[in-house]
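We just call them A, B, C, D, E, F, G and H in the order they show up, numbering each chain from 1.
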Amino acid sequence: MKFVSIVMGSKNDYIVMNSCSKILKDFGVKYELVVSSAHRSPERTATYIQEAEAKGAQVFIAAAGMAAHLAGVLSSKTVKPIIGVPMDASALSGMDALLSTVQMPAGMPVATVAIGKAGAINSAYLAMQILALDDEELSIKLKEDRIAKAKKVEMDSMEIETIIDGNLPDPY
Amino acid sequence: MKFVSIVMGSKNDYIVMNSCSKILKDFGVKYELVVSSAHRSPERTATYIQEAEAKGAQVFIAAAGMAAHLAGVLSSKTVKPIIGVPMDASALSGMDALLSTVQMPAGMPVATVAIGKAGAINSAYLAMQILALDDEELSIKLKEDRIAKAKKVEMDSMEIETIIDGNLPDPY
Amino acid sequence: MKFVSIVMGSKNDYIVMNSCSKILKDFGVKYELVVSSAHRSPERTATYIQEAEAKGAQVFIAAAGMAAHLAGVLSSKTVKPIIGVPMDASALSGMDALLSTVQMPAGMPVATVAIGKAGAINSAYLAMQILALDDEELSIKLKEDRIAKAKKVEMDSMEIETIIDGNLPDPY
Amino acid sequence: MKFVSIVMGSKNDYIVMNSCSKILKDFGVKYELVVSSAHRSPERTATYIQEAEAKGAQVFIAAAGMAAHLAGVLSSKTVKPIIGVPMDASALSGMDALLSTVQMPAGMPVATVAIGKAGAINSAYLAMQILALDDEELSIKLKEDRIAKAKKVEMDSMEIETIIDGNLPDPY
Amino acid sequence: MKFVSIVMGSKNDYIVMNSCSKILKDFGVKYELVVSSAHRSPERTATYIQEAEAKGAQVFIAAAGMAAHLAGVLSSKTVKPIIGVPMDASALSGMDALLSTVQMPAGMPVATVAIGKAGAINSAYLAMQILALDDEELSIKLKEDRIAKAKKVEMDSMEIETIIDGNLPDPY
Amino acid sequence: MKFVSIVMGSKNDYIVMNSCSKILKDFGVKYELVVSSAHRSPERTATYIQEAEAKGAQVFIAAAGMAAHLAGVLSSKTVKPIIGVPMDASALSGMDALLSTVQMPAGMPVATVAIGKAGAINSAYLAMQILALDDEELSIKLKEDRIAKAKKVEMDSMEIETIIDGNLPDPY
Amino acid sequence: MKFVSIVMGSKNDYIVMNSCSKILKDFGVKYELVVSSAHRSPERTATYIQEAEAKGAQVFIAAAGMAAHLAGVLSSKTVKPIIGVPMDASALSGMDALLSTVQMPAGMPVATVAIGKAGAINSAYLAMQILALDDEELSIKLKEDRIAKAKKVEMDSMEIETIIDGNLPDPY
Amino acid sequence: MKFVSIVMGSKNDYIVMNSCSKILKDFGVKYELVVSSAHRSPERTATYIQEAEAKGAQVFIAAAGMAAHLAGVLSSKTVKPIIGVPMDASALSGMDALLSTVQMPAGMPVATVAIGKAGAINSAYLAMQILALDDEELSIKLKEDRIAKAKKVEMDSMEIETIIDGNLPDPY
């Protein structure tokens, strides 16, 4: 059975990564959510990735903060696509995690998304875009989501738009 | 009819960009305020800019955060001046939006102002400075505003100034 | 026919992106290489992505520098996976392009890789990892490449290793 | 007579700002090019801006490096639009000049463009976009320039494009 | 009469600069505290510095945030020493003000101190160190202050020190 | 008697460094905790390090913020290993302290750990790893701690893991 | 037999790390120098660290650039002290490697030294300081080295010193 | 006899600091130039500052790179004004030295100037501005220098100025 594996370096990352798993659930995409640290539980991480791949994991999403090595460690153990989500978990606002995730050496890619919640959400979308290459139904759902998002922008705009003579709605 | 078009990438930007529209209103400059995202509603954005230009938009103000592409997208669709306001909308304090807005390639300028509220205010002033090149009345208003600002500084100083023997007013 | 589309914002990017196309060629993966700018040729970019998708493009690789909007523009036009390669093309050493590429808003992911040549190479690998989900032959090639890379490390080490009493080979 | 005033903080900036004046000349836009430092010649700078404005300067372009105060000083002396070009003139790669130019306080805008040569070019384009609001001929020239730029992209692409089976042209 | 002139770019800076004036007062050093903006009140700033110098100002302390030009403007108008205090007044945590203050071009120095409150305090100490070159009484006070500071460290340590077997006082 | 010396530049650092001393206490490692500033009490610092070394200090942990010179000063006075903990004590989020601690010139090393609390904890672990080279009992404790940490990760994961059909536990 | 293990992520790092091994050799400290990548040869790295530890490795020095995970991977596999040397191996001047090395999570320390050659040298000194805790002879050598370094400073100064009337030696 | 003391952390800094001593010599200001490292020769540094102060040093200029502690160490030993010049001596382009120099804790100021050569020059000017408070002759020289600098700007401008019809001199 094909599914997305979400690995978090710390239990605390779930507060943010919940935004990722929720979207996968909303789209009906199967996923698995585990905690495994590149540093505190290296054996577990190595074992997990093999088992997950054997069970059918197609894409791995790795969320970690600070010197975020988790995505890189996963990348070194499989040729499945790895999506890295840098967490904002230190005084450096996630810049440490971003550089630790994206600046991978040649031949060992990590598909890096934005720091924090936007990245958590985008990791779900990116995983689905990858799965949708071979899943027409999911592809259609993603296109419908785009249309819905564009409509939402129109709704938002109508709420705010002013007529040209400048009668401004009250700020909210 | 000549007017300023304010385009925000997200409804939430209005909390900050309200400072922009308020100033235009105070100076009696006509404007239009819409939400349109470079990414979530690309067609709407493309259509809007053409319609706005046809209706008389002289200057576009684009406010966006993170990978702030909105001003750049507008810049690619018109030769009217585009003012970009980087929003502080991520863990990176608007540095991402600043660089995404200002570092435009040769031939595709975006007139970038400061991050956040100061930028929102300055986008209004910059738009008015551009319009005032052909509007003597507005030019006079801008000069009067400068005089008022300078007076305000004097008032502020009088509130705080101490005599030289150092009798300090209580901090506030 | 399935293929990878490589889009560069400028002809100059080919000096770096040649490393991407070369790897795809070495692995026997079909690709197409075009120049199209988000800002200088927005219509061409919009048209191209539709045509490429219709022709069978599965994954898009977008390389751009400075305020690198190209990957984001592609992301807004398709639900195929977009890989962004930030170019080091300004005084800011590619940090501008990195942030402009990776900090995408929620729902519009760009799979970002490292700045410059390492990123160019990794964009090819990431694209192949995605295609390999549905291409067992390619998956095997990627695994063999990993084994070769690990062997190369061993060779490199043998060239350098010293015995414990510290007889150091001459530096090179 | 209407013209663009280009003010450089140092004679050395001409090496870069020559790209600005050349474009204005190519488009037939009148300009004046002077050296005046915010710090080394403050009186000259103050006097110049008044005289230039009296002579017909519509837009000021200020190029400066390091703690680039020139654009801000001009902004404090006139309500004409000021375009700031941050020069890459220190160990900090122009980041100092960028922040010193763009982070202007509320009410005192500087229309900031990219660091270095791209910014020098864009300052010319932005100045022309502003002048074109009241100059239909210039507006048409700017639109033709866009078409030429888009065509140039097509030419660049044809030079590089490969057919889908991956016959790569030699890198250049 | 010799005194220190403290110039703040905005009334709000007094919340921080109060730490500066308080120290001068505690040491019995005469000072004057005014608000004058480099951008909003350039004439007032130019006039003030001349008058203050005529009245006996020996050292100027300039506090400003964002594109902090105030210290540089003062530096351009006098050969008295200028101390610059970068304020933390934007999303960029004072890094913009630091670079705008310290990266002055050759020949126009600003004696820059730390961002925010530590800098406000140090601007007072630096001004007193300069005045003390010609004021033995003040020099002695500064040396006594150093002794007091060193004693304070000892007191702080005694409050916290633990004996070697690790009986830790409760954290506070 | 062998012990670890913890030196803090300011009493306030104890709020964070308490995490360091607590771990040493938990592992039964003797330590001493003092306040001594590189700048405010240079003689005390110089004297202390000699006395501490004479008493048996094996490793020094130095915690300081801003222009964090404390670890460097200790490094210049002894050939015992110095561990530097950069404090997040200014507007710059500890980046100033990190660079002031880690970028030591050749021949004068400071073993730098992460900014803030994670660094405080890691300074204790690093000190123990050094002591454990000659203390088998401590080495075993450190290995047991690793096992406990790995188990904790498993427990955390079980709390969060979802079954593959996506029944997500409520976020916490 | 006790020795220092130097692990480099890439053969190219030897150009810089040669400065590390040379110092160890000069001090007569046994060492081993290998290439092993955290990402390209994860199994080799895991195997190596166990074997090295079994053979007598006391301290590990890990040199890596970009998303420098090598030191962290070693740290996760042993409780021996790990020294991390960030390499300047990308457009980001080693800032990526510094943050990837130093910002380790609580409980998994890496003793980080400066970027590049100064760090390579300091990694050797730090390793020797650690070994010297249990090696009086090495401790004396390190103290003698300090004396030599101080003498060298005096020699350098004599070469440059000028007498007070300002007769400056020619620059070199 | 009153003089300026220039202390460099390394002999190599003379290549840059030569610009400082040259200016002092040109203005007839007595100075002394020594090499003394905060870290490699701490005792020499401590002794030197006392001797220099006893001999008549009024102002100290400290030039250092990387974790530039030299100015801070001097500041902790005297209440004479200390001017810090951050050297560009590492991969981080002097940002490390800037933050290590300017971010001094409350009560221990360092008058920081720009990174590198501009800072070297400005350290001389700042020292002279301080000495000129009590030296009318020097004060006049500084004012004359300002007039000369302003004249130089005019000369530079005449070399470059174009007439308004845009006859551009050839770039140089």
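Operating definition for what follows: a residue touches a chain if its C-beta (ideal position, glycine included) is under 8 Å from a C-beta of that chain, and two chains touch if they have at least 3 such contacts.
Just so we're clear, the structure is a prediction, and the values are computed from it rather than from any experiment.
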item	value
Third chains touching both chain G and chain F	A, H
Interface copy of B-E among F-H, A-B or F-G, judged by whether over half of the contact pairs recur	A-B
Euclidean distance of C-alpha centroids - chain E vs chain G, Å	39
Mean-CA-position distance for chain C and chain A (Å)	19
Junction residues of chain G - those touching two or more other chains	10, 37, 40, 66-67, 90, 92-93, 95, 102-105, 107-108, 110, 114-115, 118, 146, 149
All touching chain pairs, where touch follows the definition stated at the start	A-B, A-C, A-F, A-G, B-C, B-D, B-E, C-D, C-G, D-E, D-H, E-F, E-H, F-G, F-H, G-H
Partner chain H, residues of chain G touching it in the complex	88, 93-95, 114-116, 118, 146, 149-150, 152-154, 156-157, 159-166, 168, 171-172
Chain G residues touching chain F - in the complex, by the definition given at the top	58-59, 79-81, 83, 98, 102-115, 117-118, 121-123, 125-126, 129-130, 132-134, 139, 142-143, 145-146, 149
For the chain C and chain B complex, residues of the former touching the latter	9-10, 37-40, 42, 65-67, 69, 72-73, 75-77, 90, 92, 95-96, 99-105, 107-108, 110
Complex contact set, residues of chain H against chain G	1, 3, 8, 10-11, 14-15, 18, 21-22, 24-25, 29-37, 40-41, 43-44, 55, 66-67, 90-93
